[in-house]
Amino acid sequence: MIEVTRRLNDRASLTLYMLDQEISYQVIKEHPTLIICPGGSYLFRAKKESEPVALTFLARGYNVVLLNYTTYFEERVDLKIDVPKVDSNSHYPQQLSELVQTLKILKELSVEYKLDLTRLFLLGFSAGGHIAASYAVHWNDYEYLNKIGIDGRDCLKLRGILLAYPMLTGDLGDMISKAKKDTSIKEQLPYLNNAIYGTEQPTLVQKEELNLIHQINKTIPPTFLWQSLQDEVTPVSDSLKWMVKLTELNIECESHFFGSGKHGMGLANSIAAKNSSDEDIACSKWVELADLWMKRHDYINIVEEA
Amino acid sequence: MIEVTRRLNDRASLTLYMLDQEISYQVIKEHPTLIICPGGSYLFRAKKESEPVALTFLARGYNVVLLNYTTYFEERVDLKIDVPKVDSNSHYPQQLSELVQTLKILKELSVEYKLDLTRLFLLGFSAGGHIAASYAVHWNDYEYLNKIGIDGRDCLKLRGILLAYPMLTGDLGDMISKAKKDTSIKEQLPYLNNAIYGTEQPTLVQKEELNLIHQINKTIPPTFLWQSLQDEVTPVSDSLKWMVKLTELNIECESHFFGSGKHGMGLANSIAAKNSSDEDIACSKWVELADLWMKRHDYINIVEEA
Amino acid sequence: MIEVTRRLNDRASLTLYMLDQEISYQVIKEHPTLIICPGGSYLFRAKKESEPVALTFLARGYNVVLLNYTTYFEERVDLKIDVPKVDSNSHYPQQLSELVQTLKILKELSVEYKLDLTRLFLLGFSAGGHIAASYAVHWNDYEYLNKIGIDGRDCLKLRGILLAYPMLTGDLGDMISKAKKDTSIKEQLPYLNNAIYGTEQPTLVQKEELNLIHQINKTIPPTFLWQSLQDEVTPVSDSLKWMVKLTELNIECESHFFGSGKHGMGLANSIAAKNSSDEDIACSKWVELADLWMKRHDYINIVEEA
Amino acid sequence: MIEVTRRLNDRASLTLYMLDQEISYQVIKEHPTLIICPGGSYLFRAKKESEPVALTFLARGYNVVLLNYTTYFEERVDLKIDVPKVDSNSHYPQQLSELVQTLKILKELSVEYKLDLTRLFLLGFSAGGHIAASYAVHWNDYEYLNKIGIDGRDCLKLRGILLAYPMLTGDLGDMISKAKKDTSIKEQLPYLNNAIYGTEQPTLVQKEELNLIHQINKTIPPTFLWQSLQDEVTPVSDSLKWMVKLTELNIECESHFFGSGKHGMGLANSIAAKNSSDEDIACSKWVELADLWMKRHDYINIVEEA
């Protein structure tokens, strides 16, 4: 395995883990590549959605890119006792921009490392799902991208995106303020709008811009989506709208809505669980389902090209 | 295991398979019970959705009731070469009525066999899903049931229903006539409306009555639903409407929409597959997901009652 | 599924569960057949090694024969409080004789039910493993069989035998008297020799006759064997000897010796477990391993014949 | 994840992959550590037993140390067309010495990285299994270690060793020369004795020293062992002797002998398979069985210490 880390700016970086292509003596196998955007409400990056997920898919035969995007908190602190240092420049579309920069860097690295850029997948959890879904709706709209300071030519066509309990609008606070079980998450409320919109009072135009459901279009790649119906942070109804609209547009959207579980479970198994409440056997099946889904899309396209 | 078969009328019957309650010497364990309605467009009953499914859930610790409901064809024939004998009395709500009779018989048997009637699940495939979903929307509406000749007092509260690529309206022909891959199913078209509505030209009122999506209400039990997005027989959009409306009503609807597969896969594994096109690894995961889902709902209620 | 029960004598019977061969309309598939001998020290037949095991393999595509062989106790009683009625005629080789009668009946039934007698497997647990292993060493030795009153022509060649923590000698009491954890089993001690040998004081000749390890020979079919290393009832060392000698004779003996678990776990999962001490995740993998093993042996032979 | 590489000498090195101990914000979890010795007949190090295995266990929650020990070939070449450069100093006990050096370095690193040295496992494939088993028999015998130039005080007590189709004597050539299916491996024959013993004609004393079965003793840690019965490279009979002798000594030896497969399958799944002949569903179950086995031994000891 080769590990390459590249800085994107003074706060963001990417780490690319590449599997050895020589899987056996003189036997070469190119691997698909999965870019991972952990969640964290655009405030921080959740650990359980980073390393354990990266290792799980490396072990299943994917090169992995972990995107350490810019977040509002300069460092994570315990909000019960500390006031976080914040970075007022960290808000949409900063993270989308960093994702596109990541693709640009992958293009550069692809020559040296023989990365197959036609076999890319993108997985986002929660707020990382907002980055992934933003890319999915905008990647082919050079005009919009140009307007927000992104060069559309750096974008790459993906084989698919994977959304785990994604944030699909900027209205994260609306849900969180109503949470009944997962109350510690309410500590995030005073910071959310700044972290997402860059202002405490977003305008209707801003809200509309970050509402990705309203921007669903024909260029979205096939989607794999999963969520717990007991999620108290990102609305299941938003995921359902995503699913329904893609289906209407004839874009495949494999979807798994589990009756058990909660928001933010990551792998949902024992690997990164504090205690058993962080585990759910049913939800944990998403990993194998996602793997099967990617392998199918990886294969479909290879065959089609041949 | 005890096997009890009861006739419901000259064409329909039920077979109840009961697990031994003494699982080990002097150790008693009561089992939940799963009623299975196979599919078959109300024309016949699909074999692959009958015995193999019954055995799968028996092996996982459920008593199983296989409902051999009345169908339009008196005997299944090869429609390419034969004209089937038909039973013009076989159409909705005959099958719903037979399901309710089944519950009545279960009540009678429960005394002798110590069946726990508070731990019932109902699983329907395709047209069998229409029976199950009909029950789900109507079981508590004695007025409607009375109108169609069913005694509502025979109904029982279920812990949950499971819908596998269900038929949720009577408009099966609309989809089938557009099928591109699964063309042999078009042979069913001339018989469908008679089998479903009892007439070749159903009125709008009849169509409305069989459209279960329009009758979704608060009394529907928690639902587990799965379907392949490549289904060419029952519309995915109908399942999505079911899912969306139940979620709006705060009724749990665990849902799995697989990108791969097709209509009518049953277990989707090798057990009842003619060839590999009848298998799909992703879809085949529904069995374990359904088992986990039922065990959770079975357990929740036991604990609540205690 | 068709269930056929046949009496072998006034105390023993067999129940044959046959899967429907028409797995889908006009699609015929013949199934292999698995004969199951539950354990129980030749005193009784263990429930957890009967129905749950039968259902598990039915669900996996095997016809199943459950052999309800004669046991020493006429009825199982709680040995702490009751004295059992015993059947002094019940001892080796009565059970082996009943197994061979079972094969004879299968031959008769095979005509009517199109059972493929070339695709037979035999699975025995504990004392049922002694029946299975006795058959394995003797099935082709007509002289010995004749001596003990069995007509060798009734025997059939098996594709394989499966031994779950088998009793391979008659010296069950030696182990049980030393058991440290599983002490309730010591209640069986006063009855064991009568149940096994038909006498409280077996002669050396009798002991030798029932010691199957000393009778290992080239005619034994391929074996699948599993056991917990923490077994306090049947000696692991005996299973190891079976494994080593078969390997020396070039007979395949797939073997799984688990570090966890204990004697008599049956499926080792939650289905027939009184409590969690009856479950072991590692041991429970034997079912899938056994299924893979039989499917391979079933397939090998079909291909060879073609 | 932190990756630390340390040179052991000009030809050997170790790479330590350490999981983040902060699995979730402010939630610390220490991980057990698994040292991996790939196989390769002491001639080279097999790729499929290196990175894919390391990633598989990292993803399952183990820190991993990959031991890149010295081999006889300075670089792997295609023996059909090239003559390899050899290192005549590379032979037993060089690799054992490098393993002990690895432990010494782990001790040093444990302070900085908070590695729990009481939770160590060692996994060796084929010739790597000879390294692991050598350590297992000698780690506590300071006199012998001293004689071969190793400081016994650098050794550490292990929770368990895992042997995958291990080489347990120096007589690898005897088997290989008889191989019927896997004939390409015969190319290794001219080099084997030099690679293993450091001489083409080992003396009886040398042969005895490398025969680990003759050196089994009470200090061997619990063992997990697996092998295909169709192995044509390392004798199944040797593994069986290991299993039998450990059992006699009351040392746990969980063992899985699969009827299918062949030598050198590594994970035995599709990840590092050239083609389907490198895969075997049954054999591939060893990974989960090994994981369960290590988790049990990891847990047992933590509980005992508490």
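Each chain carries a letter (A, B, C and D) given by its place in the written order, and its residues are counted from 1.
Methods note: a residue touches a chain if its C-beta (ideal position, glycine included) is under 8 Å from a C-beta of that chain, and two chains touch if they have at least 3 such contacts.
To keep track of the chains, here are their UniProt names: A, B, C, D = Alpha/beta hydrolase.
These numbers come from a predicted model, not from an experiment.
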item: Contact-pair overlap exceeding half with A-B, pair selected from C-D, B-C or A-D; value: C-D
item: Self-contact between copies chain A and chain D, residue sets same or different by half; value: same
item: Centroid-based (C-alpha) most distant chain relative to chain B; value: D
item: Centroid distance [mean C-alpha coordinates] between chain D and chain A, Å; value: 38
item: Whole-Å gap separating chain C and chain D, where each centre is the average of the chain's CA atoms; value: 37
item: Centre-to-centre distance between chain D and chain B (centres being mean Cα positions), rounded to whole Å; value: 53
item: Arrangement of touching chains [line / ring / star / complete / other]; value: ring
item: Full enumeration of touching chain pairs; value: A-B, A-D, B-C, C-D
item: Contacting residues of chain B [partner chain C, same complex]; value: 1, 3, 19-20, 22-27, 44, 46-48, 51-52, 55-56, 58-61, 76, 78, 270-274, 278
item: Residues on chain D engaged by chain C in the complex (per definition of touch); value: 222, 224, 229, 236-237, 240, 243-244, 247-248, 252-260, 281-282, 285, 288-289, 292-293, 296
